[in-house]
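Just so it is clear, A, B, C and D label the chains in written order, and each chain counts residues from 1 on its own.
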Amino acid sequence: MEHNHQTVHHRTTMSKEQLTNRLKRIEGQVRGVQKMVEEDRYCVDILTQISAINAAMKKVSLQLLEDHTKHCVADAIKEGEGDASIEELMSVFERFTKA
Amino acid sequence: MEHNHQTVHHRTTMSKEQLTNRLKRIEGQVRGVQKMVEEDRYCVDILTQISAINAAMKKVSLQLLEDHTKHCVADAIKEGEGDASIEELMSVFERFTKA
Amino acid sequence: MEHNHQTVHHRTTMSKEQLTNRLKRIEGQVRGVQKMVEEDRYCVDILTQISAINAAMKKVSLQLLEDHTKHCVADAIKEGEGDASIEELMSVFERFTKA
Amino acid sequence: MEHNHQTVHHRTTMSKEQLTNRLKRIEGQVRGVQKMVEEDRYCVDILTQISAINAAMKKVSLQLLEDHTKHCVADAIKEGEGDASIEELMSVFERFTKA
């Protein structure tokens, strides 16, 4: 199911705003970790910050995944083309339990 | 083992540069995902980018962890205070298998 | 969506056999790890065996999850009750990225 | 650091008993999941049981890892051969964040 450069239209303005705000906060946190490295901060303190970034990134992923399943996957199922879309969903799921 | 605001001195300039470069690339990738959301890109394409960020962040964590174990934990062991430092290491490890 | 003690009817004999065979192999691997502990085997060798068990268990989970999504979730979507079933799927997904 | 068939002598009887009991419980849980499959139990109920097995297996891994670090890795560090042992520890850690 090649989708490169395809766009979707199901994201509400509110949902996009929420995603973008979360990503902006994560961007700031990554800069914060850079600063901690430059300031020779204790390793475990830096690693604690990175766990917080990982947790925040996971929330973004879950929001995207739920949105995707409720719209793209659900539409494919209603149109009788669910299997390919579900297999794509499973490969995303598998990748997220690896990273 | 409270270490807030404590600094370490074992990171070489090269190691710090490597960490900072990796973090700068991750920062750029996070901005890239913001752009994909604004451009209504296909959900799975965005999620693929996020897995790449997670993998890159994990490399940073592994580098920090190895550095920490070879210096802070090893020094504590040599000074006969290994247990507390090892238990701290285990709690970092547990957190990273959760995030 | 309370489902305790509810049964499903979508699993084919072949799919059930595959699941049961995989689980029997995992059961044998767990007994193998017990033996390694009793024989005082090197820690990393035991941990390597446990990673193999985790990977095998993940395959079982992915098979169940794909089966579930293609049947229970897809049916709920077709009957217009997709949201609750998708939210349940997301909570399973979140739990699996935690364990 | 090839260690196949090497044995260790640092595990106390109590620690071995704790590991073996945990593994026996996990073995029983795996048999329980087999039964759920045979009884056509609801997929999410089975997946919930599998998450419990994953969590129990993780406890066994953490116990082994802490034991290993406090003895094998600590001894290698005291004998001036810490780096190879720490790199082995990091590869275990990396594998556990993948499974």
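As a working rule, contacts are C-beta pairs under 8 Å (C-beta built on N, C-alpha and C of every residue); 3 or more make two chains touch, one makes a residue touch a chain.
According to UniProt, the chain labels map to these proteins: A, B, C, D = Metal-sensing transcriptional repressor.
Because the structure is a prediction, the values reported are computed rather than measured.
Enquirer: For chain B and chain D, let me know how many angstrom lie between their CA-based centres, rounded off.
Expert: Chain centroid spacing, chain B to chain D, equals 23 Å.
Enquirer: Round to the nearest whole Å and give the separation of the Cα centres of chain A and chain D.
Expert: The answer is 30 Å.
Enquirer: Any idea how many Å lie between the Cα centroids of chain C and chain D?
Expert: The separation of the two C-alpha centroids amounts to 18 Å.
Enquirer: If you look at chain A, which of its residues touch at least two other chains?
Expert: Answer for chain A, listing residues that touch two or more other chains: 58, 65, 96, 98.
Enquirer: Taking the touch definition from the header, please name the shape of the chain graph: line, ring, star, complete or other.
Expert: Graph shape here is a ring: one loop, exactly two partners per chain.
Enquirer: Would you please name all pairs of chains that touch?
Expert: A-B, A-C, B-D, C-D
Enquirer: Over in the complex, which chain B residues touch chain A? Could you list them?
Expert: Residue list for chain B touching chain A: 1, 3-9, 11, 16, 19-20, 23-24, 26-27, 30-31, 33-34, 37-48, 50-51, 53-55, 57-58, 60-61, 64-65, 67-68, 72, 88, 92, 95-96, 98-99.
Enquirer: What does chain A use to touch chain C in their complex?
Expert: Answer in residue numbers: 58, 62, 65-66, 69-70, 74, 77-78, 82-83, 86-87, 89-90, 93-94, 96-97.
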